[in-house]
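Labels for the chains are A, B, C, D, E and F, by order of writing; each one numbers its residues from 1.
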Amino acid sequence: MQTLDHLIDIALEEDIGPGDITTDALIDPDLIGKGVVFARQDLVVAGLQVARRVFERVDPTLSVRFFCSEGKEIIAGDRVLAVEGPLAGMLTAERTALNFLQRLSGIATHVRRHVRLVEGKRARLVDTRKTTPGWRVLEKYAVRVGGAQNHRMGLFDGILIKDNHIAACGGIAAAVEKARQRAHHLVRIEVEVESIQEVQEALAAGVDVIMLDNMSLEQIQEAVARIAGRATVEISGGVRRDALPRLADTGVDLISVGALTHSAVSVDLSLEITAGTVV
Amino acid sequence: MQTLDHLIDIALEEDIGPGDITTDALIDPDLIGKGVVFARQDLVVAGLQVARRVFERVDPTLSVRFFCSEGKEIIAGDRVLAVEGPLAGMLTAERTALNFLQRLSGIATHVRRHVRLVEGKRARLVDTRKTTPGWRVLEKYAVRVGGAQNHRMGLFDGILIKDNHIAACGGIAAAVEKARQRAHHLVRIEVEVESIQEVQEALAAGVDVIMLDNMSLEQIQEAVARIAGRATVEISGGVRRDALPRLADTGVDLISVGALTHSAVSVDLSLEITAGTVV
Amino acid sequence: MQTLDHLIDIALEEDIGPGDITTDALIDPDLIGKGVVFARQDLVVAGLQVARRVFERVDPTLSVRFFCSEGKEIIAGDRVLAVEGPLAGMLTAERTALNFLQRLSGIATHVRRHVRLVEGKRARLVDTRKTTPGWRVLEKYAVRVGGAQNHRMGLFDGILIKDNHIAACGGIAAAVEKARQRAHHLVRIEVEVESIQEVQEALAAGVDVIMLDNMSLEQIQEAVARIAGRATVEISGGVRRDALPRLADTGVDLISVGALTHSAVSVDLSLEITAGTVV
Amino acid sequence: MQTLDHLIDIALEEDIGPGDITTDALIDPDLIGKGVVFARQDLVVAGLQVARRVFERVDPTLSVRFFCSEGKEIIAGDRVLAVEGPLAGMLTAERTALNFLQRLSGIATHVRRHVRLVEGKRARLVDTRKTTPGWRVLEKYAVRVGGAQNHRMGLFDGILIKDNHIAACGGIAAAVEKARQRAHHLVRIEVEVESIQEVQEALAAGVDVIMLDNMSLEQIQEAVARIAGRATVEISGGVRRDALPRLADTGVDLISVGALTHSAVSVDLSLEITAGTVV
Amino acid sequence: MQTLDHLIDIALEEDIGPGDITTDALIDPDLIGKGVVFARQDLVVAGLQVARRVFERVDPTLSVRFFCSEGKEIIAGDRVLAVEGPLAGMLTAERTALNFLQRLSGIATHVRRHVRLVEGKRARLVDTRKTTPGWRVLEKYAVRVGGAQNHRMGLFDGILIKDNHIAACGGIAAAVEKARQRAHHLVRIEVEVESIQEVQEALAAGVDVIMLDNMSLEQIQEAVARIAGRATVEISGGVRRDALPRLADTGVDLISVGALTHSAVSVDLSLEITAGTVV
Amino acid sequence: MQTLDHLIDIALEEDIGPGDITTDALIDPDLIGKGVVFARQDLVVAGLQVARRVFERVDPTLSVRFFCSEGKEIIAGDRVLAVEGPLAGMLTAERTALNFLQRLSGIATHVRRHVRLVEGKRARLVDTRKTTPGWRVLEKYAVRVGGAQNHRMGLFDGILIKDNHIAACGGIAAAVEKARQRAHHLVRIEVEVESIQEVQEALAAGVDVIMLDNMSLEQIQEAVARIAGRATVEISGGVRRDALPRLADTGVDLISVGALTHSAVSVDLSLEITAGTVV
């Protein structure tokens, strides 16, 4: 929550800076208003609590209630939330609240479309660390709202040994051994491999998870057969959306897709305000 | 710069947290490496200095040089930058540096495609405040690199009177009068209008800029005729990309397009590392 | 508000540090008191809300009410505000609350004296960027309370081309042209000129505002005649208070006076406390 | 130093915000310049290192050297410091650097004038806590540069028992006793008294310092006689400048003068820049 | 309070980071619980308010009440505090709240044991600056709760001239003279001495406090005799606990013991939780 | 590193505050000195880099070199590090640098003593989350230097299901199932059990790690036999040091000991300074 509040503060600071000069000049501080956020396209809702916090941060007397719950699929024209209270604060907070809600719902919507393609299959979709800097926790949250699962949160909560790590250690066996010395016992070890030969080495080293990097369908199938349940199998690297159903049937456990976050765009929302009376 | 460094700190903190446990365990701190960032698609480069700062923030002895300049259009396979120095820091900084570079270049690339459509015409493309919270200054910078222009930076450096402001003041004339009392003399006043009637009121009030909100092509043409150079004219609201060339010929001065920032996706870049020797 | 709270936090930290050892040692935390701030000289009140926030920051159960409104001219002996609640917090907050109120009222009072001198005349008084570092927003606010107007807030919300900018660009025309490329359309361009020749160049370049720097009364009159309404005219530079009425009649639009902020001194206020009973 | 850097950061942020749009648009980043700060009035210099830090914070390649030392009395026309390096950074930092230097030198100059009045006499001038919020350490430093001495820095490094503390404890004796329990042994105890009767009570309680609050010359003389060296004597409260010489001869040790800080105004300085060539 | 809240924020951030993944996954946010903190050993309670703040910081709806007061000696099995409210927040805050309470009570308990040894004697026990970095104010508070007194809080609220300062100034007399010039009148001057010769020099220089560093019992007795009440006397340096009673009878005023803070260990506390029902 | 620098800043701020008034008054800024840190007891060194950073933070021109490496066992009288440069900064930084070094070496020394007791046995010692708030990363680092291993860093990088989690979910099976839904695939799941019955349930649920909480030696032996290698086994809860060898032979994998951090005390170090000459 501290991290979220900090990002909200930065966002308000960059938008408001030394003051919302239009609203300060034009809106009577005693004027009360009511606003409703509408969807202008079909979408999956994510970020309701974040939007509420933005409004409350600008003016704690603004009150927000929701017309749907997080993760709900709604259609163009549906109401998302209502905000009531001082009109001035509402207008000042509007853009920032919408910017958060549009991006988080955009990711959830984008993720949901991917998830639909692998429904009922063995493989689960997971995200990557290709997130917008500053937004890691929020975007990974939106991924879960969208229906996919998270990979590790960062460099601190999972061991993922990549080609450069392997090269620097002189091989998979040596790298895994070093990692095991340092990792605490609640963290698993994953190794990225690029060939069947490396799959064998990873198995021999007793790794927990094997990531098949940029392999062809045939290679993936052979790898899955070789691994035979002795390790969790993840595929990664340039996975195209139309290939998802086929890949999800290869017997792998996880398909990581950077596009879930790095290629999502904001959804279209609008805030319709009815100015009320002075209280 | 303070703002940028602060965002970089947040980004590194969310990725590294209490430590890059893989690199800490596997990479000898004395090992030196060299990495080159390649484009994996055609793109417009933006964010070179930001990427450099990320690497330097993780390890001040990492040195970065560029193979192209900001705003350059490069093609898949082209080199973007090289980084040299301690391998451990390079691996730890890699993802965050790329995440910044991919998003900023993504925006510049997206903007450039829009700019191409109005080249040689009167109207200039401008961005909006629909940016990623926390990224306002960076994204507006990438918009300029892409070739479009900025609208105001935030609520503090321009007066933009919208429908709710007008309603609260009881009309355009009253709203403009109030704004003029409060604005300092280096800030212009813009009013958002939704009808020809409101165009007339705005002209009568002597506003500097008139924003035609969601008007049809015919309405825009009539508005431009009525205004006849007495105010700068901006069109805004749901502008579709294929309509840009036609709109740019209506005689308006500015076309603001939220999609320049809210619908840009990251471009594809990769960092190829050659591990060196221990020094 | 974030900026203000941040300055209040710094101010309390520098005064209280690891603890108000006198009050901690002597005042029973359950003791309630009531305090009234009195004016000890004639003054214009500014900073009431700031003073309230200081008291509330030290102890949220302190309650503050005002005997006058912001901008009111009061005389020695008048009551300004009352604070009620825990005596300990009141004593700890006292000096910091008064320091804010004394300086802001000091500026408003100083400004009001200047404003009186040009009342009813065409020219308006504006402030400059010669403010106390860290206090820009607060001091510019106090200037408005005093009755003058603000110039730009900082380097970000207005273009002001000075002699060094002109020299570096090779002339006024070139400088203005560059500025126009970069400025967004809600920002005006002002040029500082030192001769009638430069006035002509500025007019030719189509600038919005011309600042006559350190010109004699005769030069100012000639400049105003030449400009003839084609640009807003500001005079600046070593403007003495007794010259204000005469300058305000020259037909210029704005007179900027650094002294409004850099030469204001604090007004004299005192807090009289009546200790109450333990609750 | 952390505190100073923090205040400089706030000051630069409030002035530059999202960017110095004039300088960014007009000044070639490779252009080198040289600037000299001149005194435009007689003054006592204070704040040289602060000004240097401001320039370096904006651009670490700016180099600053001084023509005089801290505390030096210089006359109108004298050079204060020179700054050399990138013109862009110099222009962006100029106002903030001068604002610090003008205010700190303003205080030192104001203090020096007071100090001259008591030169050679027993009593020393000391400041108060009536400083600009956020500037405590800087202003107390400027007071020392001006030649006066500091009172305690804040509420944490000295016990000063005032009328409200006394009332809440039920008398001077009880208050001093409580203070002694809590204060560490390197902190002295001072009591503010308003009558000769209270002087006697303070002496009986064995306080280290007695502050005579708003007493007449006769009362002061009697108090000094009664105290007879058994405690340090401070006079305080509405001390007028022309009364200083006489008060300094009464045998008191300290005269605290809030005006040293709360009534100082900025001195007049200017930065003359010579633009150099592109490197 | 700002400092404390800041340390609590850091503590929660380091424990919770991007999320308490166990509690987030398992505990229904609507589930209410009640917890009681028990002592698992005899101890002196310190840190009740800190523990409360930790719980409230995680969830402001958690309510905490105390079964004993600060400084109370309780025995194994006694209840310390109860917390009621949302179970999720309670579980997330548990460890951090206990870690604060265990360490602060640990110090108070450790101090109380030392204090018992000198009860009724002239000398008072004081702490040192050998505290856990970041915890100065808290640990010095726990020392007072334990029954000992504080030495200066830091380098800013007391002059303590040590051997290196003396050597750099060329002797005790010169050092004391310099200190007197700079110190404000509410700060005393203490000198560390290592021989009877230095005791004489310190007395001659008129210091307020003399610290006898690492002296034998005989040396201490001689020093006390020489000083004869003309200065406060502190002994310091490797004071062993079993020597305390004897040292406290030598006539010295203060015995400073670094072990009060640097050798205290946490006491044993546990939180027993009863999960309630969903509300 | 950001976290460490932040803690160092807090530590310096709390010690230096508005200034080291003794050193500022007495030490010529041009005076150079050399200091050597000595061990005054046998100890395991930890925190060398932290101490260096403290000195550099106070004065970047101070240079520190080490006489031993991290984790080295040294004896009373051995040199630890040398610092050279400006005497003033060295004296100001001294206490804070030593406070860090003494506590971190204290933990490493305490841990090493425990590690000796289980050398050559199957079970490894691990720490807990019972660390000093604000010091988590540093203390866990010192534990590794001492020779033990870390448990999870915080609530974010490992699932540990405790009794209250189980109760709230209605049993171990349900709790584990929920955890598995939410945890990413690089995080293991550990369950705390209190009886053989619960061991069976945990095994049935397929958990990765079973923590035997406060079990007797016989229970532990039976649990290990039942588990038979199907899960990692940790014992926890009130483990006494003299029981360690016996417990380490029961076949468990991990023994977690809160005392490693919560009961370590600082080791004794001193800094001997030789003042040099003015440069």
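Keep this in mind: contacts are C-beta pairs under 8 Å (C-beta built on N, C-alpha and C of every residue); 3 or more make two chains touch, one makes a residue touch a chain.
Predicted model, so just to flag it, every value in this text is computed and none were measured.
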Shortest path length from chain B to chain F (each step joins two touching chains): 1
Joint neighbours of chain B and chain A, given as chain labels: C, D, E, F
Between the pairs E-F and B-C, the one where more C-beta pairs touch: E-F
Inter-chain centre distance, chain D versus chain F - centres from mean C-alpha coordinates, in Å: 45
Mean-CA-position distance for chain F and chain C (Å): 52
Cα-centroid distance, chain C relative to chain D, in whole angstrom: 21
Touching two or more other chains - residues of chain A: 3, 14, 17-19, 136-137, 153-154, 156-157, 159-160, 187
Pairwise touch network: line, ring, star, complete, or other: complete
Residues on chain B engaged by chain A in the complex (per definition of touch): 3, 6-8, 10-11, 14-28, 31, 33, 87, 91-92, 95-96, 98-100, 102-103, 129-137, 153-157, 159-162, 164-165, 167-169, 175, 178-179, 181-183, 187, 262-266, 273, 275
Chain E residues within the chain D interface of the complex: 126, 149-153, 156-160, 184-190, 208-209, 232, 234, 253-254
Footprint of chain A on chain E - complex, ascending: 9, 12-13, 17-19
For the chain F and chain B complex, residues of the former touching the latter: 2-3, 136-137, 153-154, 156
Residue numbers on chain F that touch chain C, as the complex places them: 14, 17-18
